[in-house]
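Consider the two complexes below, in which chain A is the common component and chain B and chain C are the respective partners.
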Partner chain A sequence: MRKFTTIFSHIKSTKMNFSVSLLHRSSPFCPNQPPHPNFKNLTWQNRDSLLLFPLLCSRHFASTTAQNPSTLNALQDHYQAIDFPGGAVQFIPEMRFISESPKERIPCYRVLDDNGQPILGHNFVQVSKEVAVKMYTDMVTLRSMDTIFYEAQRQGRISFYVTAIGEEAINVASAAALAMDDVVFPQYREAGVLLWRGFTLQEFANQLFSNIYDYGKGRQMPAHYGSKKHNYFTVASTIATQISHAVGAAYSLKMDKKDACAVTYFGDGGSSEGDFHAALNFAAVLEAPVIFICRNNGWAISTPISDQFRSDGVVVKGQAYGVRSIRVDGNDALAIYSAIQAARQMAITEERPILIEALTYRVGHHTTSDDSTKYRPANEIEWWRVARDPVVRFRKWIEKHGWWNDMAESELINNLRQQLLHTIQEAEGVEKPPLADSFSDVYDVAPSNLREQEQWLKEIVRKQPQEYPTNISV
Partner chain B sequence: MKGQAYGVRSIGDGNDAPAIYSAIQAARQMAITEERPILIEALTYRVGHHTTSDDSTKYRPANEIEWWRLTRDPVARFRKWIEKNGWWNDMAESQLINNLRQQARYTSLNPLIDDNWIPF
Partner chain C sequence: MSTKFGRLVPLVFSKRGFSTSTSVQKGGGGSEEGLKSLNLCSAINQALHIALDSDPRSYVFGEDVSFGGVFRCTTGLADQFGKKRVFNTPLCEQGIVGFGIGLAAMGNRAIAEIQFADYIFPAFDQIVNEAAKFRYRSGNQFNCGGLTVRAPYGAVGHGGHYHSQSPEAFFCHVPGIKVVIPRSPRQAKGLLLSCIRDPNPVVFFEPKWLYRLAVEEVPEDDYMLPLSEAEVIRQGSDVTLVGWGAQLAIMEQACLDAEKEGISCELIDLKTLIPWDKETVESSVNKTGRLLVSHEAPITGGFGAEISASIVERCFSRLEAPVARICGLDTPFPLVFEPFYMPTKNKILDAIKSTVKY
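Entry: the complex of A and B
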C-alpha cells in the first residue's frame, strides 16, 4: 500500500487528474477475456510523436487524454505500466526493495484497558447484560474447569490435560460472537467455545475419563473434545491440520449458500506450519467464508516468537495471500467479541476469508507434560497472570455496569467447585467402553485384518487379566 | 507481498536484463554483507508450452502468447540496447546464429536443421 501511495503522489505531481479506486477489489486475471495487445504496454516508441492517443490504463485507472507535448513527456516518464494478472503494475527507474518489516508494527485493536476501563475513542459492538454475564460466567467456569481438572490429572485420575488459563477471553468472546451454524475447527485450547455452545461439565468429564458416555468412545486423548451436535470438530493434536479442513468446510457452506462460516483456531506455532500457508492461499483464491483465529500467546511450547518470526508476527501474513487481517488484544473480551462479529459479517456477506491475530499469553504450562518455568521467566508468567488477566478485566467492566457483584461471584465459584467435583465422581464411576470400540467406526464392515487383531487382543486379555483394568469389558 | 509476511526483504522486476542484473547484484551484496535473505519477484511470461507434454493454446489465448513473444521479448529488447551502445550489429548476429545452427546440427546429427533454422 505504501508503494501505491508513492505512485499516486508521483502522478499527482504531474497535475494530471486520475481517478483511482483504492477500495476496488482486484479481480483475478481472466483468461476468457484476453487483454487487448494494443493497450497492454503503455510505452511510446517515437518520443517526438505529437499524435494524441487515448491513454488507457487497466481497470484501476480512469481514461484521460494527453493535451500537449510537454504533458506527453511528463506522462511518458510516469506512465509506463503493464497489465499483469492481478491488475496494473507500475514500472519505476528506482531499484526499490520492500523492507522485510514495516517501520511501525501493526497496531492492536482494543476496547478495555488493563483495568477494565474503556479506552479513549473506544469503538465496540454493544453487548447486552445477558450476553455479558454469560460471557463472564463461562470464562470463570472455564478457568475453574482448568484448575480442578488439572488437579485431577496431577492425582493420576486422568492421563492428560491442557489448560486455556490466560486465554479465556479469546475462547468465550469469540464463541459469543458466532452463531451455532458456524462450524468450529479447534486446536486444543478452545474448550471454552464448546462450553459456550452448551457442552455440559459432565460431558467434559466423561471425555476426560474416557467412559462409555464419551462421544469419542475413549479413543481420543483427554481434552480432545468433539461434538457433532455443537458443530465442533474433534480436536486433533497434529499442528495446523485443522486449518485447511476449515477452508474446505467454508467452501462447502458457500456452495450450499448457508448463512454461516467456518472458524478455526491455531497458535503462533501453527502459523509456521506449511498447512497454514496453503490454507490461507486456498481460502483467498476460493473466496471461502472462513475466519482464521491465531492465538499468538508468544510461545510455541518452549520456542519464543523471537525465534519463530522475523516478520511482524502473524497479522502481516494475511496480506501475502490476499486475506484481510487484524490484530486484536486477545485478553480483551469486548475487543474479541467486536472483531469476530465484524469478521463473521464480512466473511459471510462478502464471501472472503479473514485472519485475526489475537495477542495473548499462556499462563499455564503447555500441557500436563510440561513445566514452563524451565524455559520462561517466572516474573513474565506472573505479570501476565496478574496484570493482564482477561477474566478480571472483564469482571471490572460488568461490575461497573452493575451487572455483577461480590455475592454473585462467591456463589458462582462455590457452585462451580461442587458441580465439577460431582462430575468427576460421576465420570470416574462409569465403566469404560468395550475393547471392541477400538476397532469400530473406521470401516463400514471391518476387514479381516482388523477382526484378527481384535481376536488376538481378546486372547491376550483373557490369558493375563491381571495386566488390564477390570472396568473394561472384553 | 509475501516477503514481508516472513520478514524477508523483496523487490520486483522481470524481462529487463539490466534490471535483473542490477537487482541480483544488489541482492547478493545485501545477502552476504548483511546476512539476510532477499526475495525477488521477476514478472515474466512462459512463451513456450509448459513442457513437450503440454499444449498451452488449450488454456490461454493465442494473442496473449503472441503479444508476449513479440512485444515483450527479453532477448530482442536487450539486443536493441547493446546495439545502441555499439557493442553488437547485424553481422555479429548472423554469425552467431550460423555458428549455433552448425553446432546444433553437429551435436544432434539432425538433418532437419536446415539453413532457415534459428534457435528461437
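Entry: the complex of A and C
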C-alpha cells in the first residue's frame, strides 16, 4: 500500500498544482487543456501502463514492471482504492475524524540522563576522546563567550548581544556531526556552530565591535556573524527566511553531486512563519538533501509554546510534508551528535530532507533587550540552569571516561577569560570601517546614483566635520 | 475561443499596437541575417533556451513551467534540458523566491517565474529583505546575483484586480535589486539575457498584453542589451516623453498625432527602472525643455514621481512647463472601467498639448 500511496502522491504533486492554478488564476492566453484523466475508466491495459509511464517512475520503484505478478495482484486487491489523483485510499463506512493530537506524544531520543549516565538500552554513535573533549571545550568556550560578551553589552561597549545559554549542546554537537563542506544557514542562536568550524574569538569580537576586521564591514547588528571560509551563511534578523534558502542550496549540492548537505537552524517561533511551510514542502517535492534543525526552547521572546502552536511540537509537522523527522533531547550532546550524523547520512545518500526537533530551554534572556523575568518565573529558569544543564551533563560523561578533570576545567576557564578580555580590548581598539564601505556591495558595481551620493556626503562631512563621529575615516 | 480571439485581435490592433521603433540598435544582433519573426513569448522562450544551453548551472522553475507555462514562455525547455533543470514548484511564491536565493547563493543561475506580477507580493519579504541585501549584509562574502525573477506584468484588457497590476514602483524603492521592463520581442530577448547573466538579483516584468500581439524580427543568435541604459526611440525637439513596457506603444501613437498638430516629440524607453538612466533623460529634457512621464501603475507613489523629482532637480532652469504625469488612477485596477482607467492616447495627447502650450 505504501508504494501506491507514494506513486499517486507523485501524481498529485503534478496534477493538483495545475488544477489549483487554473481554478484561482485564469490565464486568458492559456490554450484549452484536455480534461484530467479519469482513472476509473482506464482499461486494464491502460492501468498497467501507469506503472511504466515515466512520470510515475522514481528511484523508489525502479523494479516495478507490468510483468510483476505481485503488482497485478495488488492492483486487483485494491481496485476500489485507485480512485483519486490526490492519493490511493481505502473507503470505510464510518465517519472518522483524525484527532488533533495523538494520545501519546512523539517520544524524544536520548542517550545520557541528567546525571550524564547512558540510559538503559542506549543507542548512539561512539565519539573519540579528541572529538568529545573538543565538543566539551567548545561548549564551555561558547558559554564563557556569552557571559563575557553579554557583560560587555551591559557596560555599553557593544550595542546588542544574544546568548545561546542552555543550548550549547545543540550548537556544538550538531556542528561536530557535520562536515565542513556542509553549508550552514543559521538563525542567530547558533554561534557555537561557527566556533566549532574554527571561527576565532577575535573574529567574533571584531563583528561585535563592527571594526575594520569585521567581514560584514560593520553593516549589521552584533551577533550577525557570517563566514564564507567556514561555509556559514551570514545571519539576518528576519525570521525563517533562511529555511528555504537552505533548500535551494541543497538542490545545488545535489545537482553538483557533492558529498554534502545544507543545514538550517530555526526556533519554535520560526516554525510559525510561512517560510517554514514553503521550505519543508519544497524540500520534499524537490527531493533536496537538507537538514532542518528546530531549536524548540519553549519561548519566542515572551511567547510560550502554548501561544505558538497546538500541535505536538514541531516534529509532527514533518510527516505532513513527507519529511522524515525525529525529536531529540537538545540538552544531550551525544543524542544530538548521533541524530545529526544519521540525518546527514540519509539526506545525502537518499536525497531527502530530514527534520530534527531538539527540545531544550532558553536559559538566558532572549537578547540584551529583554528581561525574561517579566514573563516567566525565576525558579523555572533556575531549575533548567541547574538541573538540566547540557554542559554539566556532558562533562559528567567525559569525566567518567577519564578524559576530563577539575584541573583541566579550571585551566580552561581561566584561559578563556583572559583570551576573551584580550579580544575585547583588541577589537575595541581597532578602527572602524571607512565611510566608503557604507556605499559598496549594494550591487556588484556602484551605479551612478550611489557614486553621486557618496561624493555628496563626503563633501558635506569635509565641510562640517564636527557634526560626525571622528572614529570613521572619510 | 478561436472565434473570440479572431474578433479580439483586429480590435486590439486598431486600439493599440506595440513599440518596435528604434534608433541605432546597440548590440541587438547587428546582422540582418538570422532574423526570425517572433512574438514576445517566443522571444522570451528563445532567451530561456539560450540561457539554459549556454550555462549548465542555470535553472528555470516556478508554477506550471514544466509543461510550457500558462503563457507558453517555457515551451520545450523541460524536454530539451531535463526536469531537474526546468521544473514545477509547489504553489508558493515566497518559497519560489527563497529557493531561488539559496540556489543562486551557491553560484547557479536561478530563473524563477512568478505566474502574474500581481502574485509577487507573497515573495516581497524574500526579495526586499533577503535578495536585495544578501551581498551588502555579508560584506560581499556571499551574494545571490544569479537570481532573476520574471513575471507577466501590466494590463491585458480584462484582468481585473489580480491579472493587471504594474508593481514596479514597489521594487524601485529597494536598493540592491534591478528592475527591468522590455517593450518588444527583440528588446525582451536581449534584456532578459542580460538580466540572467547580471551578477545582481533582477526582477524582470514582461508586458503580457504583448505576449502574442507584439511581433517583429528578432535575431536568432545570442545577444545582450545593456541594463541601466535608456533608449531614445523617437527624436523630437518640443517635449520629452518617458515610459516603459507596453505603455510606449500608446505614447508613440500620441506622438504621431501630436506631430500632425505641429508638435515634435522625443520618446524615450527607460527599460531599466533601477538603477535608471538619468543622464539620457536629462540630456533630452535639456534639449526640449519639457517632460511627460506615463505609466499604467497608479500615479501616487508611481515611478514617474522619482523621474519627475530628479529631472526638476537637475533641469530646473531649463524647464518651460511643469512635468506632466499621465498614469493609472489611484484605485485598484477595475474590470469594466479599464478603458477609463488606462492612461490612453487621448489623455497623453491632451497633456502634450497642455504642456507645450503652457
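Keep in mind that, in the parts below, the second predicted complex is superposed on the first by the 382 of 474 C-alpha atoms of A that agree within 3 Å, B and C clash if a C-alpha of one lies under 4 Å from a C-alpha of the other, contacts with A are read in each partner's own complex, and residues count from 1 in each chain.
FYI, contacts are C-beta pairs under 8 Å (C-beta built on N, C-alpha and C of every residue); 3 or more make two chains touch, one makes a residue touch a chain.
None of these values were measured; they are calculated from a predicted model.
Judged by the touch definition given at the top, the superposed model places A:102 against chain B, while chain C stays out of reach.
In the superposition on chain A, A:84 makes contact with chain B only, while chain C stays out of contact range. When the shared chain is aligned, no partner comes close enough to touch A:386: not chain B, not chain C.
Once the two complexes are overlaid on the shared chain, A:217 sits against chain C while remaining clear of chain B. Judged by the touch definition given at the top, the superposed model places A:460 against neither chain B nor chain C.
Look at A:255: by the touch rule set out above, it reaches chain C but stays clear of chain B.
Looking at the shared chain after the overlay, A:317 reaches chain B, while chain C stays out of its contact range. Number of chain A residues touched is higher for C, counting chain B against chain C.
Residues common to the contacts of chain A with chain B and with chain C across the two structures: 31.
Those residues of chain C lying in contact with chain A across their complex are 1, 63-64, 66-67, 70-72, 84, 87-92, 94-95, 98-108, 110, 115-116, 119, 122, 125-126, 129-130, 133, 135-143, 145, 156-159, 162-163, 175-176, 178, 199-200, 208, 211-212, 228, 275, 278-279.
Within the complex formed with chain A, the chain B residues making contact are 1-12, 19, 22-23, 26, 30, 36, 38, 43, 59-61, 63-64, 66-67, 71-72.
Residue ranges on chain A touching chain B, taken from their complex, read 31, 34-35, 37, 40-41, 82, 84, 89, 95-102, 309-312, 316-321. Across the complex, chain A meets chain C through its residues 13-14, 17-18, 20-21, 25-32, 183, 185, 214-217, 219-220, 224, 226-228, 233-234, 236, 238, 241, 243-253, 255, 262, 274-275, 277-279, 281-282, 285-286, 440-444, 447-450.
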